[in-house]
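In the two assemblies presented below, subunit A is common to both, partnered first by subunit B and then by subunit C.
Here is the complex of A and B:
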């Protein structure tokens, strides 16, 4: 072990000693991939002047409200909202934040489709967006299964046939309230948060996709060599 | 891919972009997020105050057996003789042959076998009644039934099924016409009485333990009857009523499942005995298609052909045209 006198260790001294550390390597890669001004920019390309861009942030804040209201329901327990008027109100907030979340996310998804937002090496950004939508569908579905009322009885007994037909029913039992509640409040929220987090970091890393024909010149499209982001 | 190779590759407008060299304008992303956070909060509170949320109480076996003891008894006899939907379901509940959904040789339901074992006669009828040792008539009937050969059991249950088809409810009590159904009348009558007192709910849920959160058995029993389905039909929740995406009352439900639900409304899935698997295969293929859309020729060109992007970036194109 090499001792570094306190106060004598400059940045370069530390780099020389710790350059091969896993910690130092990860920090260097993170700093290179996400400089602060790129992670939290204060300027955006001028073409971003459209309402469609608002739906991405509306999706994010809706999921924040889904988590906040879900946490309140979790603190009080799964039966609270059936016996308390305040609990029922919090459940209503939870329901409508989920409805808002999907409404905004679907508009965001269609907007990105019509922008062909996967262009310029943004295919992984697109894919993580779609996967986070699919995982969110599963998260919402398990919420409907764990309401402990007639809706959850009917939805679970109907859904079991679809799940069982795939073979997944052997391990993922939609009639098992305890299992579905754990998936709803632990595993699927972790999945949504992780994938959505990746999606946001990729958006910050690659930036937003520019319009088609940003610099149109006659005859240029067919002949010009590509300046793709992959080349960067 | 090396930079040199990328440069040699022909520009594809559905895959590549030209670097933006235009103007950058100030944009306060944190302020936008904060305002959006408050705006969604106001929207949520308004929606919650005006529309609230549905909470139709769950149906218990007690409620079912009191409201419709005839349907309860008609279901119970199919659990005892092994002809109910659950008894003949196959994996993951039991190993009924030729019961799994399949597309050709593709039969994933069989891959993992029985993982949630359910013996309807034992779990739904005999086992719960054995928890009533102080009812000698019920225990004697069970002993006679269980000691009889299978052919005799079958003769009794068949006779009871015919009789219970004409059963009536008199003052909340089950009245089954007389017949040669031996001890089965006492067995199903006792089970109906047990359900009407609420005892069957507790027995099916406890599964031998104090704590339990697995409702598989009571839900399967409930779903085998007509009472649950009739209520769902009245609430427009049946499969042919786009039920998977709806919920009770006039609420949007899981509107995002519209595509999944749509396949259940069209042929051949709406009549196929393998409909669930067919719908799931379709949805898996479509989901994978959406994930890998950027790699699929023609489909990835749709945005460029439709020109909707000109509406999204209309200010940019207006400025470009005037430049």
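Here is the complex of A and C:
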């Protein structure tokens, strides 16, 4: 880090001395990639006036509820969610927010599949969505394993053969409650949040995929032009 | 507490979830009625989302 006189840094204007620092470089790249108006837009393209476009945000709302209720369960502990009526209620909210999360995510996936949403340089947006879905399946699975009831015992004993047949059972033991709980409440939520965050940033960066045009070539050109204009 | 009991009674009256699951067998395919219901509901919502027109903002609503 370069020494600069105290008070010289204004925090707004770039200094010739500090312009090459990694923090300044990242800031410039972030500002170029995500101008505030593009990051939080107040207008959307006219083609988005369809119910099929609401399922992405419904998925996000559901995952927010999953995280909120999961945090409450973590704070209060198993004796609370197994015994008290409010604990049962929050536990059920956690389950049903997961159900709605997958429900909306699958409809979002179908919608984007039939739109071929990877068009117009949106391959990475599609890929992060796919990976996010797969990590979510693992997160939900470990949740079923850590219910601490007969259902979780049944699921874990059935799953162990499948996992062992892949070889992953050597280090990922579904019968190990502590390991599965840690994966469920630490590693997989971090993974889902990180990848879903990337997915949303890419949607903001590349924009929503436009519908198919009646003239494919013309439509592709329009999509590319829209993407270029948004990125500029 | 009261609301929980009320919702419980209402939902419990609609669907009794305290029991063995029901399964459908079709050749090598075996699926629970609950899972099949969820899949059919997803297809229904997907089709409705495409068919039902999205409410449009009237001219002059936007400041």
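Just so we're on the same page, the second predicted complex is superposed on the first by the 198 of 232 C-alpha atoms of A that agree within 3 Å, B and C clash if a C-alpha of one lies under 4 Å from a C-alpha of the other, contacts with A are read in each partner's own complex, and residues count from 1 in each chain.
Note that contacts are C-beta pairs under 8 Å (C-beta built on N, C-alpha and C of every residue); 3 or more make two chains touch, one makes a residue touch a chain.
Not measured: the values here are computed from a predicted model.
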| item | value |
| --- | --- |
| Which of subunit B and subunit C A:107 touches, first, second, both or neither | second |
| Partner chain(s) touched by A:23 [first = subunit B, second = subunit C, both, neither] | neither |
| First (subunit B), second (subunit C), both or neither touched by A:82 | first |
| Which partner, subunit B or subunit C, touches more subunit A residues | B |
| Which of subunit B and subunit C A:49 touches, first, second, both or neither | both |
| Set intersection of subunit A contacts, subunit C complex versus subunit B complex | 49-50, 52, 54, 89, 99, 106, 111 |
| Subunit C residues touching subunit A - in the complex, by the definition given at the top | 1, 4, 38, 41-42, 45-46, 48-50, 52, 54, 56 |
| For the subunit B and subunit A complex, residues of the former touching the latter | 1, 3, 6-30, 32-33, 36-37, 39-41, 43-45, 47-48, 51-59, 89, 91-92, 100-101, 108-113, 115-116, 212-216, 219-220, 222-223, 228, 231-232, 237, 239, 243-244, 247-248, 251-252, 254-257, 274, 276-277, 279-280, 287, 290-295, 300, 302-304, 306, 308-309, 312-317, 320 |
| Complex contacts: residues of subunit A adjacent to subunit C | 49-52, 54-55, 85, 89, 99, 103, 106-107, 110-111 |
| Of subunit A, residues touching subunit B in the complex | 40-50, 52, 54, 57-58, 60-62, 64-65, 81-82, 88-89, 91-97, 99-100, 102, 106, 111, 113-116, 118-120, 123, 126-127, 130-131, 134, 137, 140-141, 144, 147-159, 161-162, 164-167, 169-171, 173, 175-179, 181, 209-216, 221, 224-232 |
